[in-house]
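What follows are several structures.
Paired with chain B in one complex and with chain C in the other, chain A is shared by the two complexes that follow.
Showing the complex of A and B:
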């Protein structure tokens, strides 16, 4: 496969998908998080009847509306790309993706188009409580839409609840609940929405701090900081907890990704957790692949073993375990997986040949093999390995995985500090006097965006070369279209999304400068 | 039936009034939405993002054949290296 596919086509297709996904994700988390902050603010208004809370809600609702409108439908481009650039993949997974994406589409359309309209047009026209319910439903609907997308992505990280049909070359869903409650999906959903809540809280905290620096709308700014501070602190603690859960799941389900994000080459007991580290070029190799070692690191002894296995004696698998295998730890070597993948491919080829000559006896016999759990669990789950060129090709980019993970974690702890400090200063009544903190909160607005994007970089780079873990490589998934057309659309998307982003920022800045209406 | 018509009229009136009394920023973002949707569906989807398998092959059997070839037809590189 790698001999017949133009690698620049694969790289450009990946770059295009990455570009659209990264831009799309600049709009989504603010919608997910700010919708809940609005619902909380409006709840306070309805319960207290105090008009300033209505003004606060309406002001942040304006910024929500701008972000929502500019970002809406940017995700559809990703679906365009599935059909055009990733047609083999789309065909292979079609039935699995179909259900979650259809539910997402219906939810997004009905919940958002109905209740977003009530949210924006319904002030003073519908009953207060009905308006509040609509705001809560927008928040719930937006986050439920995200659930289905994340379920689809989680299936790619951990394919479950399906069987492969050799007649159609497609995976078919046999257990919807396994797909929905896939451990990766549960972790991913909770971690993603809590990080979106955090991002929106930082957005509110940062802009409110700017009002305090400018000494204007101070009452509204302080009330907003109270909501953002409490919601942000709770969210950032939830991000830390769900991130830990997520990492534990990755260590079991995608151990190669886990070893890469910790730059752990040799497996060991009593493995330390890297709190901070810098990698440098060395002569060290794993197979033929050059890897970087630590120039400097701060390590907490034994903590990685404790976090993944419950005690310091737990063995944490390293990258070399996966290449060479470790029978004692039940780790299958990559060459062995390649052999199993090839066997699965040969069975599929035999089925194809039998079909061509209409050998019904052979077809029945091979289909029987496909239906056995032994074949599925031991061989077909490694189907993608048959196309692996060299065993070390299954190791992702360790440097990118390591830094994206550790920068995200460092930022995560910084957010806890920022929200805690904001609340302490607010309750002490000294927030307005602490200009250094207000400026820091203001310039921190982009940081959760960076952390959130780094999370996706880790998720996707850390599982390379797979598009579907162990079953299909990125190279197998790509469509045989011209590289030129992919480059053209890459440039078009870059222009379109940059234009949208500039529009959003400029309209938002204007509204922020205008401030809440009196 | 009259009640139903009344409700529909009320909903339509609600949307009509909402759009009519939209603030300046609302009009701007609606313009951006319309331009964006036009670019996405009338240009990108039609000229650049046709479904590859549906455009290239007539039947599902042909599409299946193509995908099967794509996911199974590659040289045994690993054997060659080892």
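Showing the complex of A and C:
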């Protein structure tokens, strides 16, 4: 926590984690969503007894299996990279962070892996109902695993339910429920799973549309579109609602991230919501950081104030408020936070020195300081700031945050339109004739993937320089290994993941071209 | 009630849970053992298909157990997780790499247009099957033989070699446990194939391989155990936590914990009986004895590694940085929370058992391979 850090090691470690996470997230949302779509389709089969629904279920299940395996493959790396590349982090917060990961394994992964075997191989071995229950349990297990890992990630955005123990030099959990029901965790879970349902629905809708374009397997395609259309529309509405909730929460607990994603430099009342905007370079600076301002924007006046504070008179904090402070709004300046963080660090170091020489009087005195809420709330909560060099380093990349957020939102609204149109055309009986729509649905398959990845880009880039908001920077968290080792493993993983992705897509395309069995 | 659960109890409890997960993992690595013989065991394509499919239906259990083992270790002994993974970087990355290539190999190998070709995916299975168990064995051996690291005041790890864990491969004792684990999982792989595949020719070939794998297993295992019994261990003072070297530490552990010794002997006997009954009586139930024996053996080795005030992750570089279950565990609150979570484990075991039986009711046959739609 006090050593000099090799920045290229930090960058390569981040690059490796980002690489793994981005690849992992290419596969997981489809697993989360398609598992429920399979369960719905199989339920229709079991309830109606109609064989075509079994065929539909089995076709999509084949695609599910191909995708599932590669999601598992990338997932294991991600879990262990917390240890291999972020060992200081793993110790500093492992007491809180480890538990959700373990629970994920015990509660979710076993459920998923046990019943996925029944789902794939049980068709002729177990009765219909047991098989159906297994399919539902796979969906439940997959989504439960998402819950726990998202609880862990939410805690990094909004660390709650713990106190720092100077003896062990780490944070320790004191309230499990506040970790689990952390507002960020609730928002994040609902937003993530609903966006994954949406992604899977678009996958089914797009592929089915392609069958309709090619005038083959039309009955299966239409039935699939019915399920995907309804599930997708409900999910996309849920995505919009939970997205709004998430943004509101971010505005309260990560105001710097919020100001970055809105590119709001100066705080104000009656702040407008940017519906669309393009940023350009300017001469202006915040600290020594260059500011990019709007070359063009479409703004809805006052809406940002209304959404975050309830009325147009509400003040929305800008990035400059956080750098320079704004007493009226109760915002502490970054230099002040750095001072408080350094004080907290010095108290910890003096505690450690006292421990080395076994100065019990001094130890008791400092521990007394640690136990006061004044020290915890005013100083220790800014512990991470002790390692910030320049105040403007606490501002994340505004351009990336802004574009990733706004592109995600624009795409989110487009998805509602697509699913609505699909259902209207289907019920009117004109879907097969609307080639333009079928093509649009088909080429839209990658869009939810892009939106979903952008969501993570915003979440993680927008939190920089922190690995745990205000508590620890990524630089402090990294494992002290040689940069060369990390570069080597980065290249190895990049080659492996890319090879597997190419293989996966090729297999998937072949299976789609082959189509359902008759 | 919560106040009554002491930190010492919880630390012991979680060491037992971690040890159980480790022993289940070694048992379930029969999948890897089978994979390591993918080139040598089958004499025809259909035999290979049967082997791959009988193993392929279980790979996820092994994988999930590995992930859960990692998660449980992280949650209960985070200082180990941070120290070992962040220090012995290359060993763990190699293990992860070998499991990553396994996860897709089954699903992709026989699918058309898989780009890399079936030979590549079979190579992935072979590499995972050989390297995975071997490297896990080497990594676990360092629980006894020690590593080169130190921890600073903030408990951050500094690894004292530039090899970041690869140096473990230079130690003969580490290698011997690595090979012992590899041959053990190959034995279990053969016994599982004999139990789950209904094909006389394949069973006969497996029987021959069983003898060929049992001899090296015994040699490597005995070498490791004998060297373990006659080596030093690091003992922790129960009151101060200070670490000091102790001659014949692991013999002392066995003597001072006779139940563990009994479990160990029963475990070894179980493995030997499983092998013997298969070779001599042509039984197909050998896996049950060998499997139970594997669990008991690994479980008891983990107990002598961590219990009885022993350092389970000794540092040869800075003795006082050595990890024990007392100085590396999570807080009382976290261990207690996880203690309640662990109550669900029997339910997990029950549904795994039920689902496993449902799928394994009938042994795999050549005919099934020709009709099964979800075939690897």
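Brief remarks follow.
Here, the second predicted complex is superposed on the first by the 511 of 518 C-alpha atoms of A that agree within 3 Å, B and C clash if a C-alpha of one lies under 4 Å from a C-alpha of the other, contacts with A are read in each partner's own complex, and residues count from 1 in each chain.
The criterion applied here is as follows: contacts are C-beta pairs under 8 Å (C-beta built on N, C-alpha and C of every residue); 3 or more make two chains touch, one makes a residue touch a chain.
Please read these numbers as outputs of a predicted model, since none were measured by experiment.
When the two structures are aligned on the shared chain, A:87 is found in touch with chain B and with chain C.
In the superposed model, A:390 makes contact with chain B only, not with chain C. Of the two partner chains, neither chain B nor chain C is touched by A:365. Contact with chain C, but none with chain B, is seen for A:105 once the two complexes are overlaid on the shared chain. Once chain A of one complex is fitted onto chain A of the other, the partner contacts of A:172 are limited to chain C, with no touch recorded for chain B. Between chain B and chain C, C touches the greater number of residues of chain A.
When both complexes are overlaid on chain A, the residue A:295 reaches neither chain B nor chain C. By the touch criterion defined above, A:450 lies against neither chain B nor chain C after alignment on the C-alpha atoms of chain A. When both complexes are overlaid on chain A, the residue A:410 reaches neither chain B nor chain C.
Shared-chain residue A:278: touches no atom of chain B or chain C.
Chain A uses residues 1-3, 62, 65-66, 69-70, 72-74, 76-77, 80, 83-85, 87-88, 90-91, 117, 120-122, 125, 168-170, 352, 479-481, 485, 489, 492, 496, 500, 503, 507, 510-511 to touch chain B in one structure and chain C in the other. Of all residues in chain B, those touching chain A in their complex are 14-15, 17-19, 23, 25-26, 28-30, 32-33, 36-37, 39-40, 44-45, 48-54, 60, 63-64, 67-68, 70-78, 81-82. The touching residues of chain C, counted against chain A in their complex, run 57-58, 60-61, 63-64, 66-68, 70-72, 74-76, 78-79, 81-87, 89-90, 92-93, 96-97, 99-104, 106-108, 111-116, 153-159, 162, 164, 330-331, 333-334, 337-338, 341-342, 344-345, 348, 351-352, 355-356, 358-359, 361-362, 372-374. Across the complex, chain A meets chain C through its residues 1-3, 58, 62, 65-66, 68-70, 72-77, 79-80, 82-88, 90-91, 94-99, 101-107, 109-118, 120-123, 125-126, 130, 134, 165, 168-170, 172-174, 176, 352, 356, 479-482, 485, 489, 492, 496, 499-500, 502-504, 506-507, 509-511, 514, 517.
Chain A meets chain B in the complex at residues 1-4, 62, 65-66, 69-70, 72-74, 76-77, 80-81, 83-85, 87-88, 90-92, 117, 120-122, 125, 167-170, 335, 338, 342, 345, 348-349, 352, 383, 386-391, 472, 476, 479-481, 485, 488-489, 492, 496, 500, 503, 507, 510-511.
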